[in-house]
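In what comes next, chain A is part of two complexes: it sits with chain B in the first one and with chain C in the second one.
Here is the complex of A and B:
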């Protein structure tokens, strides 16, 4: 039996920011999940009308998986040791040897194979992150940010999750920090994180990313019936808007509430009181995203999916694009 | 969002939500999933109807068990090819009843790993039942 008793399990809003924060906290850096999320420019928007890996149009509200770790490396000076494997046997041996050395290690897995997840929540997502911090017999002890307590996972299930194929396949990916500057001044990392988020939301020259992506989502959502098998399928996909914004580890409103919390925490560090006003504004923007979530859930449940309702949904999303465009322009000016 | 508005009584699925606390500070609370609390049964109803519709197609000899699970688990052809490691041309064949009849045991094993269902259930098109009272994460 191996268990790293000094590792503290804590729930997080999101799997990657929760996992990276937990490892940094374990290594002695006192940083909150919103601060890590903001510094690593986690806030994002991307709309995918057609994609070879998705059966239906969808959207994302966070940066590319792995970027929170990479950006924390660049901006906080953390050095990570990373591993990828072709051979599951070798991948398991390395994991076990790290646990023997009392090193809690982050693992990338396909969420679908996690036996401790209720069956209705299981979907194929190859970019779920969690910390493995022990092994008892043939079960690993897992700290998964989405669960109130540590959980156990059979070795065979973990192997399936770590070595699932498909888009962004995990390839057994593991990482842990080997060097952390626990006295780092957060001022410059915060400024860099905000600048990059503003760039991603306002200036990336890609029509389906950032504010342009929100507008594309607004325009295209009225086309969704064309992709649906039947009304129940359309209802399912419309209700997934709620899941993507609220339930898939966002801290609510597609990460907008967590970003508001980041701005509030960042204001005194970078000595910009204007950020406090902007954090309030981001909270209000989040409230409106949450109204969209609830509207989508309601019309989906009621099968009230006629063109007028989808137009209403489209207008609400377009309104968020306008609000976020103004918000990020103000944020960009504030930290200039 | 104000803290009082954030609480949802749903022990089956807990989550972290960021809210405005009474003192004006923003921070996390542990709460329940709104959609699981209010709409889980609707989701189960739609899944059961989808299973029924796919079984009707199976009985009419329009689709194979591989197609059954591919649709049920919301996988594209590209994803199924990549996850199973079986060439695209063969996977396309296996989606039809005629092509499925020539499937090998090794290919069935690969599909069963992808769908996380044993081979017998895969062949019978008998997915694990979804228990909406599942309290695994209590």
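Here is the complex of A and C:
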């Protein structure tokens, strides 16, 4: 039996930021999940009307999987050891040897194979992250930030999750920090994180990213019926707006609430009290995104998907684009 | 702002929450007293059988009525499990005026 008793499990809003935060906390860095999220520029928006990876238009509300770890490396000076494997036997041996050395380690898995998740919630997502911090017999002890307490997972299920195939397959990916500056002054990392988020949202010269992406989503959502096989398919895709904004560990309202918490915590560190007001404003922006997710879920559930309803949805999304454009312009001016 | 430290909710609060849920979701064929406090609201044997869309409606209604924010969806999933868990959360988090 191996269990790293000094590792403390905490619930988190999102799997990747929760996992990275847990490992940094274990290594002695006092940082919260929203702070890590903001510093690593986790907030994002991208709309994909036609894309080879997606069979239907979709959008993302966070940076690419892996970016939170990579950006925390750049901005907080953390060094990580990473491993990928072709051979599951070798991947398991390396994991076991790290646990023997009392090293909690983050693992990328396909969410579908996590037996502790109720069956009706299990979907194939190859980019779920969690911390493995012990092994008892044939079961691993897992800190999954979606759950209030540590959970156990049979070795066979973990192996299937780590070595699942498909798009963005995990390839047994493991990582853990080997060097953390626990005395780092967060001021500069916060400023860099905010500047990059403002750039992504306002200035990236790509028509489907940031505010431009939200506007494209608003304009194009009325075209979604053209992509749908039938009403059932369309209703399923419209209801997915709610899932993408509220589920999948977004921290609520497409990560907007988590970003508001980040700004609130950042204000005293960088001595910019105006961030408190902007945090409140971001909360209200999040409330309106939540109204959009509820509206989408309702019209999807009721199969009330006429052009007038989709136009109404489009106008609500366009309204969010305007609000976020003003917000990020103010945020950019505040930290100048 | 301060919050209540006493987390044991009273029957009045539980009844109020049941009524709020029924009003919010337009449920008229069940009496609040028929709703079990501890049975899961989602997928259980409760008189109210709700889905995830109902869950968001409830979160927003709780925010409007009690001024409590349930921003984190993972946490929300655990809190809105039952009338009891909602009432404990409200009793703990409702701002004291």
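As a working rule, the second predicted complex is superposed on the first by the 336 of 336 C-alpha atoms of A that agree within 3 Å, B and C clash if a C-alpha of one lies under 4 Å from a C-alpha of the other, contacts with A are read in each partner's own complex, and residues count from 1 in each chain.
Criterion: a residue touches a chain if its C-beta (ideal position, glycine included) is under 8 Å from a C-beta of that chain, and two chains touch if they have at least 3 such contacts.
Just so we're clear, the structure is a prediction, and the values are computed from it rather than from any experiment.
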{"item": "Chain A as common anchor, with chain B and chain C clashing or fitting", "value": "clash"}
{"item": "Contacts of A:146 with chain B and chain C, given as first, second, both or neither", "value": "both"}
{"item": "Partner chain in contact with A:290 - chain B first, chain C second, else both or neither", "value": "both"}
{"item": "Which of chain B and chain C A:236 touches, first, second, both or neither", "value": "first"}
{"item": "Touching partner for A:54 - first (chain B), second (chain C), both, neither", "value": "first"}
{"item": "Contacts of A:166 with chain B and chain C, given as first, second, both or neither", "value": "first"}
{"item": "Touching partner for A:124 - first (chain B), second (chain C), both, neither", "value": "first"}
{"item": "More chain A residues in contact [chain B versus chain C]", "value": "B"}
{"item": "Touching both chain B and chain C, residues of chain A", "value": "11-13, 120, 145-146, 148, 239, 242, 246-247, 249, 251-253, 257-258, 261, 283, 286, 290, 294, 297, 301"}
{"item": "Residue ranges of chain A touching chain C (in the complex, touch as defined)", "value": "11-13, 120, 145-146, 148, 239, 242, 246-247, 249-253, 257-258, 261, 283, 286, 290-291, 293-294, 297-298, 301"}
{"item": "Complex contacts: residues of chain C adjacent to chain A", "value": "43, 51-53, 56-57, 59-60, 69-76, 78"}
{"item": "Residue ranges of chain B in contact with chain A within the complex", "value": "1, 6, 12-20, 25-28, 30, 33-36, 38-40, 42-44, 46, 49-50, 73-76, 78-79, 82-85, 113-114, 116, 128, 130-132, 134-137"}
{"item": "Parts of chain A lying in touch with chain B, wherever the complex brings them together", "value": "11-13, 33-34, 52-55, 112-113, 116-121, 123-124, 145-148, 151, 160, 164-167, 169, 232-233, 235-236, 239, 242-243, 246-247, 249, 251-253, 257-258, 260-261, 264, 279, 283, 286-287, 290, 294, 297, 300-301"}
